[in-house]
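The structure that follows is given in the form of structure tokens.
Which chain is which? They are A, B, C and D, in the order written, and residues in each are numbered from 1.
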Amino acid sequence: MPNTFGHLFRITTWGESHGGGVGVVVDGCPPRLPLSEEDIQRELDRRKPGQSRLTTQRKEGDRVEILSGIFEGRTLGTPILLWVRNEDARPEAYEQMRATFRPSHADYTYQAKYGVRNWMGGGRASARETVGRVAGGAVAGQFLRRVFPSLEVVAYVSEVHGFPAPEPPSALNAQSIEANPLRWPDPTTLSHAIGLVDEARKAGDSVGGVISCRVRGMPVGLGEPVFDKLDADLAKAMLSIPAAKGFELGSGFAGARLRGSEHNDPFYCEAGRVRTRTNFSGGVQGGISNGEDLFFRVALKPVATISLPQETVTEKGEPTVLRARGRHDPCVLPRAVPIVEAMTRLVLADHALRQKALEWEPLR
Amino acid sequence: MPNTFGHLFRITTWGESHGGGVGVVVDGCPPRLPLSEEDIQRELDRRKPGQSRLTTQRKEGDRVEILSGIFEGRTLGTPILLWVRNEDARPEAYEQMRATFRPSHADYTYQAKYGVRNWMGGGRASARETVGRVAGGAVAGQFLRRVFPSLEVVAYVSEVHGFPAPEPPSALNAQSIEANPLRWPDPTTLSHAIGLVDEARKAGDSVGGVISCRVRGMPVGLGEPVFDKLDADLAKAMLSIPAAKGFELGSGFAGARLRGSEHNDPFYCEAGRVRTRTNFSGGVQGGISNGEDLFFRVALKPVATISLPQETVTEKGEPTVLRARGRHDPCVLPRAVPIVEAMTRLVLADHALRQKALEWEPLR
Amino acid sequence: MPNTFGHLFRITTWGESHGGGVGVVVDGCPPRLPLSEEDIQRELDRRKPGQSRLTTQRKEGDRVEILSGIFEGRTLGTPILLWVRNEDARPEAYEQMRATFRPSHADYTYQAKYGVRNWMGGGRASARETVGRVAGGAVAGQFLRRVFPSLEVVAYVSEVHGFPAPEPPSALNAQSIEANPLRWPDPTTLSHAIGLVDEARKAGDSVGGVISCRVRGMPVGLGEPVFDKLDADLAKAMLSIPAAKGFELGSGFAGARLRGSEHNDPFYCEAGRVRTRTNFSGGVQGGISNGEDLFFRVALKPVATISLPQETVTEKGEPTVLRARGRHDPCVLPRAVPIVEAMTRLVLADHALRQKALEWEPLR
Amino acid sequence: MPNTFGHLFRITTWGESHGGGVGVVVDGCPPRLPLSEEDIQRELDRRKPGQSRLTTQRKEGDRVEILSGIFEGRTLGTPILLWVRNEDARPEAYEQMRATFRPSHADYTYQAKYGVRNWMGGGRASARETVGRVAGGAVAGQFLRRVFPSLEVVAYVSEVHGFPAPEPPSALNAQSIEANPLRWPDPTTLSHAIGLVDEARKAGDSVGGVISCRVRGMPVGLGEPVFDKLDADLAKAMLSIPAAKGFELGSGFAGARLRGSEHNDPFYCEAGRVRTRTNFSGGVQGGISNGEDLFFRVALKPVATISLPQETVTEKGEPTVLRARGRHDPCVLPRAVPIVEAMTRLVLADHALRQKALEWEPLR
């Protein structure tokens, strides 16, 4: 099910970077959920290109339209079709890629797999495909807000070009993160971090980094053994994001350096609720949420499209040098923050429905 | 589909640590594949407990039986039931866990999710569940060997308690890895690495580490956009393994510190085949294999069961101190190597079938 | 997966009768298949309302648009979004249904299930939803034409209001069926059959009937045991069509009256191919196609919307009498013919891909 | 997913007629459900061969064993492995089928599809595969009993060799049906019906017939548009049963002969509940249950194995005459009754879970 994600709360995304448009079918959303185009537009605006000099200058209105599934402002329980027209496509800018494989892009692999590809802008491998994810994630977000009012998903850029943000303050502030163009959690180091992106931009180069995500107010019991562990589904969700190269939950790779006596999270009881004193587990034990904050990190490689000349080959296998034109992000991280949040919400909504299906009063 | 993995080549595992047995149904394996109990036993023996002092002393014959799907030494195309009886269970050793939640185990989350749990040995959250994965992976391995004769999957322990193995030699040697109890790739540092595990064992403690996996002889074109990217499915597969806390492909988290000009893999042509000069991509671009070695790493936390006393709570929420008895691994890494390989083979076999379904001569 | 059909060749339909439009995402279609809007429009025109006085007078251009998945006239292997705008909606005609449950419609069950419904025209339960099926089936048809050039799917109305068409001639003629407004296979009884529909129409009533479907040029080996038998998947496909009440394959209910010695299809060999002398099996044995014609019948109830007054209740449970306004089909059968064909093609394309995935040269 | 049925409440069956055994993995069953081997054995005994002279004389203890998923008499929420050993296999009786295709069996199609087959007794195409279905259905039955205490599934033989049982009395009596070897609902015509089977048996022949199924005490709201309609899933479930050739819900094929004014089910209100005066709909409208009795019929062909000589071909395509030996049912109907019930319960349990997943208090 290559273009479908989720088991009960499901999205199917469609659309190429250059073509009629991009969108998503959201299927399995419970009925009677209040939902408007504004609820979705708000999230789409956060991933939109052209927000600042840190991101691509491609300009798109990205106005979402709802074609089905909503009636008198509420979900019907039927599939919700959301889409955005492609407006500012300039295929001529991609003409040079027609016969040339861009290094570390999907041009070659798509061609090898399918024997054909939409060479204008990367087709499905374009970050533009994520419009459908963010739109779908916005629906999941509306659902979560209603059924778990205290749940909050906050992602942010925690490392850029090797420079880590200082440990986020205990009260991570979503407003302050959103207020800066890098979605960086620490005001004191913000200008330094932005400087790293600017430097790469001026050099015609790009930088990578890490996005962290924290979910507060988690319900206990989401996630399923054995294969559909909450962290396994999150790992798949995150690695499915273009440019993602790694995922770690809780202590992650650093935790692998500890001993069990250091790493185990001692249990205690607080106000009748079982808690852990530390959270190396990242909120998941045995694949199931334990009510502590969900916490994970996603590594994103530097954007593959750069203006610097690069060695590559043509479709016919002849060596050539590529000098990319077109408008691209020197750093994909800030725009990827709402994508990480969207995929997180989709995983949580799906597992919330799956857990609900098991809860039967007569079996108490 | 909590206990099922794969879309076309699928396994469904079943069984608790303490109960009648553990096993797997392999569904979707192509017909006419030669397959014997020995083919499966060979892999099971590699994950078996009691192989050395580095692993748990629990002794189990772990003899696999095939109950269906094979006729006259070949697969029928019908479901293959493989199972292993539970023999050396000593439930009394677990009596103390009946009412106590072991820190960083799944006792609490299973209880919270299901309202019931098999407190003997962890039930489905026990590493014993992986018998089914390894058995299923052995079937996938037989399939891959036949259809991609040059494909080779080699996993090994590449870091233990923070001590990294030196860069593996260009010709990673599967035999030499298998010959030592830690499945460590570098003979010169082997005794130091083993010493780290021994130290933890003597202290009643445990250590974590990293498993690396390399696949040579990869076909081009496996993996599907958008959600079922080859790396996304591998990430899910790896994070579904007990104790896994992180996954990275190719350059991974380190690659996030580079610039695009450093990180992009230049294309060139060799003997009519498109190759890349570097392999920061780890063999996957746009979610699809490009024919270079697949390379990824998995972080495993230190085993949660230790003999040292630990703070925890009872089922009723009362504070208590746990001193675990029973036989456990001070270091799960060497036994996890065949599990990582099994899950890798399952992902590859599944995507091989999915790609095959798209290849139609009349559409050339 | 309520709105998705198929395992490898999959469609997800969306859209309500009254709303922005209706459409489908086709996912899993192999790449490089020539496909144009005309290929799809041709089939949509066959199910379009207003074709003759036998069907609803609602007029819709039903012009299909392709928004994704096609590039330079060929499929990309990525999701194909097809849609049709809703144009001639007259919601005021449905105002009376706002608070009244139409007998034998889905108004009450949707309301009971979801607690909300799009009362304009039946929402997802409207026959308009089948636009997505027919569009998706047209894509499947293009695929089948290419890979099985001799395969032909022909459905027709074989019974109307209890009047059966005489046994179809050995050479069922698709052109002659298509040439008459009832899609009736027998010219000699055509005017009588049409008369039955006309009578009902004049009386403000409706009639039901049976659609038969025959597939010639079937490949051997499609269909899978145990649950995904070819006939089981066809049964589901057919019963999912609005107004369908029954399905039978080959001898069907009549075959249940025979003895084994009468019903068994003797094998013989013809030109090196295994054939059966009779075809009570309807082309499927053990859930797998045997190369003989696939043959099945689908019972369709009389359309529920009639002009005659009917006893019913309001949303509040008060008794009332409904006199339906609006434009409706006195007989849904001729328009259902392309829907039956579309669903048949979707089942066949899906199983063709599934079978392809199992065929590996090295396992010969 | 050829051997898996269900979306949330799922079974995967495995095992050949002749081999180690047959069984099922039940996955997705909610936790804390009381379940014992007796609960399952009771249903298995009803499908067991050798119950009377009407069925095959093959004798099997068919003792079920639970290998996983149960702890202290209750389900754990983990996969439940149920199996039955094969005991009374006499492969030598099948030696003649080694190279000969039995007419209207799956020998030829399995061979053509897979290029290999277990020729002993039909392999997966044997009715013995249904052991797994009945065992899985017994688990579903336990679940339904707990959560819908007034729900009752009753199937019975309603036609044998063309002889229909008189209209079942308003109070269909499950005990009286179970008390006779044909599972026939009408005592006055029982001996005549049994006579028809006996006649065929003496002639070395077999007879077909129809099984009817009625579900009383149905909850409202089960079933999902568009493809996973309750009746569509039932149709698939029934057609997946060996020997099934047809399915009809409510009025079925007979309803196709009526006019809308005769066929529509008028609504009325009774004790605050919306009811229908007639039930031509068979308890399902728009694919969703309306609370009236679910009612459907399944056509079963005469058993293909008969003692009379039959024309057929060998694997090499040479003409031959088959005289079947071995022990077989002259009439599969009474043993198919518990299979129909099992598949019905599996569909209902699955849809109950799916509906549960949509019901969220905050969205009321």
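As a working rule, contacts are C-beta pairs under 8 Å (C-beta built on N, C-alpha and C of every residue); 3 or more make two chains touch, one makes a residue touch a chain.
Here is each chain with its UniProt name: A, B, C, D = Chorismate synthase.
Every value quoted in this text rests on a predicted model; they were computed, and no experiment measured them.
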- Sort the other chains by how far their Cα centres are from that of chain C (Chorismate synthase) and give me the top one. B
- B-C versus C-D: which has more C-beta pairs touching? C-D
- Would you kindly tell me how far, in whole Å, the mean C-alpha position of chain D (Chorismate synthase) lies from that of chain B (Chorismate synthase)? 39
- Query: Just curious, how far off is chain C (Chorismate synthase) from chain B (Chorismate synthase) if you go by their C-alpha centres, in Å?
  - Reply: 45
- Indicate the whole-number Å distance between the mean C-alpha point of chain C (Chorismate synthase) and the mean C-alpha point of chain D (Chorismate synthase). 26
- Note the residues in chain B (Chorismate synthase) that touch 2 or more other chains, in rising order. 1-4, 13, 31-32, 77-78, 113-115, 124, 225, 358, 364
- Item | Interface residues, chain B (Chorismate synthase) side, partner chain C (Chorismate synthase) - complex | 8, 30-33, 77-78, 146-147, 225, 353-354, 356-360, 362-364
- Note: in the complex, chain A (Chorismate synthase) contacts chain B (Chorismate synthase) through residues 1-5, 7, 13, 101, 103-106, 108-110, 112-115, 124-125, 129, 159, 161-162, 200, 205-210, 220-221, 223-229, 231-240, 242, 244-253, 255-269, 272, 274, 276-277, 280-282, 284-291, 299-306, 308, 310-313, 317-319, 355, 358, 364
- Task: Sort out for me which residues of chain C (Chorismate synthase) touch chain A (Chorismate synthase) in the complex.
- Result: 1-4, 10, 12-16, 19-23, 25, 27-28, 31-32, 65-69, 71, 74-81, 83, 113-118, 123-124
